[in-house]
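Listed below are the structures to be examined.
You will see two complexes here that share subunit A, one where it goes with subunit B and one where it goes with subunit C.
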Partner chain A sequence: MSRTIIDPKILKGTRDFLPTDMAKRDYVMDVMRSVFRKYGYDTIETPVINYAETILGKYGEEGDRLTYNFKDSGDRGIALPYDLTVPFARLVAANYSNLPMPFKRYQIQRVWRAEKPQKGRLREFYQCDIDVIGTKSLLAEAEVARIIVSVFEELGFENFRIKVNSRRLMNAILDSFGLDDDPLALIRIIDKMAKIGEDGVKNELSSIGVSQNKITELFDAFSKGDFSAYDMSEIEEFMGLCKDLCIDDKYIEFDPCLARGLDYYTGIIYEVVSDDVDFGTLCAGGRYDDLCGLFCKEDFSGVGVAFGFERIMLALEKMNRLADVPLSSKVLVTLFDSVSTAASLAIYNELVCAGINSEIYFEPAKLSEQFKYAAKKQVPFVVVSGPDERAKSEVTVKFMDSGNQKTIPVNQLISYIKGYV
Partner chain B sequence: MFKIGIQKGGRLTTPSIEYLASLGIEVPRNGRELMILAGDFKILFLRQKDIPEFVERGIIDFGIVGTNAILEKQSKVDIIKELGFCKCSLVIAGPSNISITALNGERIATSFPNLLRSFLQKNKINASIIEVQGSVEVIPAMGLADAVCDLVQTGSTLKDNNLVPIATVLESQAVLISNPNSTKKWRF
Partner chain C sequence: MSRTIIDPKILKGTRDFLPTDMAKRDYVMDVMRSVFRKYGYDTIETPVINYAETILGKYGEEGDRLTYNFKDSGDRGIALPYDLTVPFARLVAANYSNLPMPFKRYQIQRVWRAEKPQKGRLREFYQCDIDVIGTKSLLAEAEVARIIVSVFEELGFENFRIKVNSRRLMNAILDSFGLDDDPLALIRIIDKMAKIGEDGVKNELSSIGVSQNKITELFDAFSKGDFSAYDMSEIEEFMGLCKDLCIDDKYIEFDPCLARGLDYYTGIIYEVVSDDVDFGTLCAGGRYDDLCGLFCKEDFSGVGVAFGFERIMLALEKMNRLADVPLSSKVLVTLFDSVSTAASLAIYNELVCAGINSEIYFEPAKLSEQFKYAAKKQVPFVVVSGPDERAKSEVTVKFMDSGNQKTIPVNQLISYIKGYV
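On to the complex of A and B.
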């Protein structure tokens, strides 16, 4: 009888990650997690399958179109998360009486978007968010900036900047020019400055009916960079707190043109760019005033940023920062012959108990075959315990990169391997 | 009152006391006391390994230590003055005069793992660092290491243990160190 072979394909816009890919992704996530934890952030997890009404209707028409939703076998409308903010807001609304307030959390989870797959557009990818809710203190904004700097420093970025602006300042400027009919439309256009340039922004402003005079006035204020006529207290206090948190000046830049397209930011906004690589925004976010309004009667002000995990991965690969991320095994203990099994297992056990990531070869195959396996798994040390070694209570350690080997007493193996760390 | 840390008992102790005397700070030491008042100064007798950290944290204002101790601990302290005494070298030594590349895969015993590690990395040598607290020169004879990395003044201890210098990791001498905040308050 012939079997039907199923093509082992995956959906476009999704990816398989092999161990060498995962080692790098785990390394980057671990760096991020360790920084978040250092600043007292705990993590949460929210479901993959949600009632459709939880997710739909929160991201505009475009967002709804890109949300994966379907009927389950019980005819319920189900949707997959489009981002982590909405599931977080729902979780807070459902649990706030039990949560410590202010509440800070980090969350690293997959999200799904029904994009047309193309370069840089995936249907399934990771987002990595941190938020502090339940406080209006600017200290929360400064702490988030401190965390951003620590994450990028620890990942090995050198030339990066957090561009910051105050939504309140921006509104005040627009008000003073009488451009307050639809400030959100204006903000969305100004936000495109980096993308479409000064002329592009001028054209779009005039197309929504802003007069030439007003446009010239507005650009004059931006080009002079003089905002002393406006209330700069929010930005100044924020900068002062960043200094007190020992954030180097070079990492923070006040950018009065920074607008962030999203409509719900109400205070300080951030965006991280790097001069080492040109991948656009690597991290962004800001202060919002109404996180859970759709899910409960309480108002929660908060501040949060999303790290563009997939972009950060691409940037680090391009900067060649991930070439040395090792796979798990540091030592392969070979099986010389079936008589050697007990001795090899004893060595293997001792290595693992000493905290050295190790593995044993499962069959007494030819040593050359076992070495080949070690090379393929990028294991740096291979331990051989054959009859000659055992007779003298020794082991031979082979270095896979140089091919050299060294015979030492078996009771020195642990300190010998640890001496290389 | 400024606090000065010096080595409790070792090759730095006597020359440190003499140096302080040359500055007009007489240390009337007569026994095993660990703290002595000397005019406007409090002299603390400490383990050399602790002095750089205490100075860095501002627990004591000044210290007299070997350069090796500061660099091994990667302490952030100001070196105010090289004092010219207790000169020595941190060297790698082995049973015969081999090139440093022959150290690949070998075991090197030392009490200075950080300095040795950065020297090996700089010279692209992949060797196992066996950390011991002292009596380093005898470790190869015990079969625990193939080479050593230790401080050498005259070289006689190496010779006594049939070891030959292979490479110099660092030249060291006694230095006066201070906490960056104390440096601002005091002119030398």
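On to the complex of A and C.
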């Protein structure tokens, strides 16, 4: 009887992660988590299946189109998260009386976008957000900057910087040129500076009716870099607090053109770029007011940034920073023949009891096959206990990276291996 | 302008996890992960959105009914995972040439069931599976038993045991009574022994046409506990290997009535119960053949068990084993007044640089308010640097659990705190 075989394919824009992939992803997530925890950020988790009204209508028409949503068997509208900000805002609205305030949290979860998949556009991917809400203190902005610096330093980025600006300053500049009709439209255009260049921005400003005069004046002001006519106290205080928090100057760069397109920022905004790789923004965010307004009557002002986890993974791969992330096993104990089983198991038991991640090969087989298994699992040490070794109460340790072998007394094995792992 | 507030509710059978919940869940997952890794199991991850044909048709009519599935905007059928076994089988079928064989993996992910939610029935929950595939060696069964014992020991269970049986033995017993017409139907009934009792099982056997005579003979055989007429070599060899792997006898119990309802088991089967809590099965699984048959022509025999993660969480809560799991912060540095800010920040910087998870309060506030924050965040130590302390180059450390305070020289703070955290 022939059976129908189902193609084991997965949807484009989703991914299977094998152990070698997962080791790297877990390593990077662990570095991030440990930095967040160092600064007192704890984690939360929000559901994957949500009432559709929780998610829809928050990201504009395009966002709604890209949100996975469907009716369940009870005819309830269900939607998968499009990002982590809206689920976070909902969780806070539902639980704020039980949360410490200010509330600091990190969250690393998958989100979904019904995209046409292409390079860099996935249907299922991780986001990694930190937020501190319930305080208007600029120390929150400085703390978040310090966390950003720690994360990128710990991950091994060398040439990165946080571009910083203030929405208040940006609005004041636009105001002073009489460009206060629709500042958000202007900000969205100025935000494209890195993408479409100065000429591109000038053309777009012109196309929405800004006069050539004003455009010239505006760009003069930006290029002169003299903002003494404006209230710079917010930026200055922020810079001072960054110094107080021992953040190296080289990591912070005031960029008066930095705009961040999203409409909910109200104060300091940031964007992280790196010269190590040309991957655009690796992390971005800023100060917002009224996080939870859609879900409750309380106002929560806060600061939040999103780390571009998938982009950071690509950058680290490109920088060859993840080549050495190990898998679990440190030692494979071989099974030479059925007579040797008891001796091999005894060695294996000792290793495991000593807290050394170890494996025993499941059945007697050619040593070459067992070495092949060890190589494929990236196990650094293989222990052989054959008849010759046993006769002399010895074992042979093979170093898989060099191919070297060393025969030692069996009772020295644990301390020998512990010298390496 | 009044705005419409969206109810921040979540679907029944899904959950928000706050930091205090997450600390406990992460702790338990970390214990499990570290045991799995100790035995050379690495992790994989499979997508949440899948082609519907990957998931549907694998769990019977009931399973299909309970699987979340829908059409996406491109009219593709999409389904969310119902368990981790089918996605694992698909991943292996798609990748086996790149995987070490035998392949050992653990996987901890959410799965979804379109249930009518009620106590103990969730729509979204975690599963935690380990499997070793590509070997027929009984050592695999023994290794999995050892991992089970390690997990429950490490989690603090004291009175638990693995009930063990063999599908081969069960089939041989049924055969010997001439009950070989539909052994699986019988096995499914015998499997209910713990739930519906001996009389219940007898009634159900009778209702599918097994004669009273045969039922009596069968129960006599089970209750006599003498299986010398059958081939017990598999069970015996398994028990021997468990001994070789230093598994304490008290953890392994041969139970000839243990049946496990699922049809794909072919050899040793297990089920873990604990007398510490009456929560039924905490972990179960066994030997299967042909894991990937639905997705490829290769045969993979293996052994796998699923840990009932949510049930284990409930059990540990009930056993009061998770009360002490800490949140991230160890120290809160208070902000006494704006004059003290620089001194407080200097102390905070030192703590963070010393690798102690620390926080600074974001704005000067009443100390009582700052203590309240520390209490809510379960921060064990609060550092106060007021004018009196500063004048003498001292700081006051408040122990949040006892309320005690201790004033020490500021330059001894790091070593003092390190003595506790």
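Just so we're on the same page, the second predicted complex is superposed on the first by the 420 of 421 C-alpha atoms of A that agree within 3 Å, B and C clash if a C-alpha of one lies under 4 Å from a C-alpha of the other, contacts with A are read in each partner's own complex, and residues count from 1 in each chain.
As a working rule, a contact is a pair of C-beta atoms (placed from the backbone, for glycine too) under 8 Å apart; a residue touches a chain by one contact, two chains touch by 3 or more.
Because the structure is predicted, anything quoted here is derived from the model rather than measured.
When both complexes are overlaid on chain A, the residue A:G209 reaches neither subunit B nor subunit C. When the two complexes are overlaid on their common chain A, residue A:G120 makes contact with neither subunit B nor subunit C. Looking at the shared chain after the overlay, A:G419 reaches subunit B, while subunit C stays out of its contact range. Shared-chain residue A:W112: touches subunit C; no touch with subunit B.
By the document's definition of touching, neither partner reaches A:G240: not subunit B, not subunit C.
If you count the residues of subunit A touched by subunit B and by subunit C, you find the higher number for C. Look at A:I408: by the touch rule set out above, it reaches subunit B but stays clear of subunit C. Overlap of the subunit B and subunit C interfaces on subunit A comprises no residues. If you check the complex, the residues on subunit B that touch subunit A are 104-108, 126-131, 143-144. The residues of subunit C lying in touch with subunit A in their complex are 3, 5-11, 14-19, 22-23, 25-26, 36-51, 53-54, 65, 68, 70-73, 76, 78, 80, 90-91, 93-95, 98-102, 104-105, 110, 112, 114, 123-124, 132, 135, 137, 139-140, 143, 244-246, 292-297, 327-329, 332, 341-342, 345, 349, 352-353, 355, 357-360, 362-363, 373, 376-377, 379.
For subunit A in complex with subunit B, the residues that touch the partner chain are 397, 399, 401-402, 404-406, 408-409, 412, 415-420.
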